[in-house]
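So that you can tell them apart, the chains are marked A, B and C in the order they are listed, and the count of residues begins at 1 in each.
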């Protein structure tokens, strides 16, 4: 009896100790991640903003492809329309930043909903084709529509005084990312998450359980577009100018691949992979020019294509060895950290 | 026979290209009954289920459920009216755990909107806990508590089949449509299933329409049986009358059934999961020895 | 306007070539080959390097370009397609998108992202048709197409050709004829790459070309052409290509020149693609739904 109580007590102590250890560890990791923001100056603040914006885009694609099982190869259209809408609201209408971001989100959502409505009548591979074609069409029509996008010079998106500092803006981006992460977490933990899992796996089964499959797919499109438009709005104010060339189709393909590399349905994996590919073009030139030996063919233009190159190599490795992406690799660690909690 | 008609099907016709799958099929299921739908393989039984749940769009005919015409409703709206079904190849989402599957089936009575859930509004957390508790209850009823947190795809066939049934029940249906609930079960399990079905009918006042090949089960639990052959209604009646019906025997032994199927001696063949179209109803004599007990 | 139609027919013929490659892969493997355009990109850049940079004869450039395209097709088949055969079609599609991006990146890495001008095979002004100046290059295109059409019509009547066509329905059909599924797979990807390569070589001399030009400008019209032909019909895909070419150029004429809408060509193709998918998903020439 006594030994039983002792064992019980020890288990309890261990459990409490384990929890404390895990909480400490998470806080420590977050603190390390916050270091560049505190000590890295404006350069790192800008990079962190970009990483957060990419992470929102990754989560947007994850909503569509990971949760609903639908593919979009035209995400640059949603992000781009969000960016131009935000810039238009800020510079032409002179509205506060919040309105611009809202306008971007609504524009992204509306576009995605329209594309979704049309696209839901086709399935699978055809959907990929339709979204690719839509992205390319948007690129050459909407983004070249002078009154809306300011033509070649681009549309300006000035920041308000309070956010003019790069660190303040980075905090805004991180705040929006936190909201998106929270929404994604609640989405998968409640009935919508289960319904989407059913829709993704077998629409007939989903429908016989009372789930409006078309409605959910359309909602996933709209939600994905909303996050993409929001990210576009943030991008507009991050760069303070938006140009059509920021949203080439290669960019959209890189986004899809980076999300798959991160691991569909893995929040942590998607965020990490998105951040990596956001920072790659910014840090790679410095890194390469710091090398003792310079490969002969490197120059500015080459830096531009290295990220797609690297994302593809990573994609092929991931598909061959870890179909669950980065998230699958990290799963033992995340499972230990959240041990006891529900998924 | 004065019970209320829960399901009424009038003149259902379904064609795939030149193939007449269902031909002017009419049937009625009264509230609180267990009704069997039997017939040789390819008779159109599962197609009939697919028409009733709205997965197939029949070319002709009407379906009334609970007094209302549901012929033009999409599948999910029919499900919300109280039609639940199981599947021959299982309506379980393999990627989810058993608990998640049952909670998925509770979708329509979650009591909060998908948007509220996503925003994490206060009520949704509470409702999720309640749903989980209800799910645990259903899981316990079906004896699945040991595998509740396992992914459905990793479980053996029989367990997934039980999970499918638990899910159909978790939708809180008025009518349960079971597509070969006994296939792949051992004779003992099939008998236990009979007990479960009667319990569902008597205690939860559920109405059940089931496709089944396993004779002892049909004879044991069904109040009424419809026999389908080549998409048409061959006959209908109480189970023991059906077993002696000459046309039924001819349909199973004649053109439709494959040669060599069952019926040598008095044993009752139990249809395998995707096995040959066994002759399920024993033709010789009124006393089939496969019957578990004397009840009819 | 006549000039636009004539131009559309020639441009559409190149779309048709790509579309036939797409349909070939789709029939055999049920995947959308988003890397099809880059077979042409590889062929064009190889030929350019050989002819312009190294000053070799034109025919060496053509042979080298086609060889490079076929080598790429076989590599993709071995490294990407076969290992991922058991994965979902979405994963395969993402991987093929990756191949297209990868190829563009390689071309940029090796040769810089500058626009290039590929000299046509034959110089000269050619003749005038419907108000459009038809270049000798385009007459060569017609001749090449005629030869290709005859060759393919013959090929798909042989046992091997029939086995290729049957392989999507039934892998055993191929084995009965005594050909391994792997051989069929190689053959399909090799042929698709060859068709893509030819399209690239024919299209590159029409204007300037940059890395990724085939994927950027040709891939969506080619897919639209394949869809128009019902995704499974080889002649349908080719006819669809010509239809797309004409619609695109009419779009440029009506929307772009008359109404000054930006991106008229893309808009025309997109609208046609959507129309076909929504109204007649089996395509204009397709048989089954």
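Convention: a residue touches a chain if its C-beta (ideal position, glycine included) is under 8 Å from a C-beta of that chain, and two chains touch if they have at least 3 such contacts.
For reference, the UniProt names are A, C = Branched-chain amino acid ABC transporter permease; B = ATP-binding cassette domain-containing protein.
Worth saying up front: this structure is predicted, and the values here are computed from it rather than measured.
Visitor: Report the chain closest to the protein's overall CA mean, measuring from each chain's own CA mean.
Guide: A
Visitor: Among the chains here, which has the CA centroid at the largest distance from chain B's centroid?
Guide: It is C whose centre lies farthest from that of chain B.
Visitor: Which chain pair has the highest count of C-beta pairs that touch?
Guide: Top of the contact-pair ranking: A-C.
Visitor: I'd like to verify one number: the distance from the centre of chain A to the centre of chain B, where each centre is the average of its C-alpha atoms, in whole angstrom.
Guide: Taking the mean C-alpha position of each chain, the two centres sit 44 Å apart.
Visitor: Report, in whole Å, the distance between the mean C-alpha point of chain A and the mean C-alpha point of chain C.
Guide: 33
Visitor: Centroid of chain B to centroid of chain C, CA atoms only: how many Å?
Guide: 50
Visitor: For chain C, which residues are in contact with chain A within the complex?
Guide: 31-32, 34, 79-80, 83-84, 87, 89-91, 93-95, 97-102, 104-106, 108-110, 112-113, 211-212, 216, 219-220, 223-224, 227, 261-263, 265-267, 269-270, 273-274, 277-278, 281
Visitor: In their shared complex, at which residues does chain A touch chain C?
Guide: 65, 69, 71, 73, 118, 121-122, 124-126, 128-130, 132-134, 136-137, 139-141, 144-145, 249-250, 253-254, 256-257, 260, 297, 299, 301-302, 304-306, 308-309, 311-313, 315-316, 319-320, 323
Visitor: Help me check something: in the complex, which residues belonging to chain A touch chain B?
Guide: Residues of chain A touching chain B: 182-183, 186-187, 189-192, 194-195, 197-198, 201-202, 204-213, 216, 219.
Visitor: Within their complex, state which residues of chain B touch chain A.
Guide: Residue list for chain B touching chain A: 53-55, 74-76, 79-80, 83-85, 87, 91-96, 100, 103-108, 110, 112, 114, 117-120, 124, 128, 167, 171.
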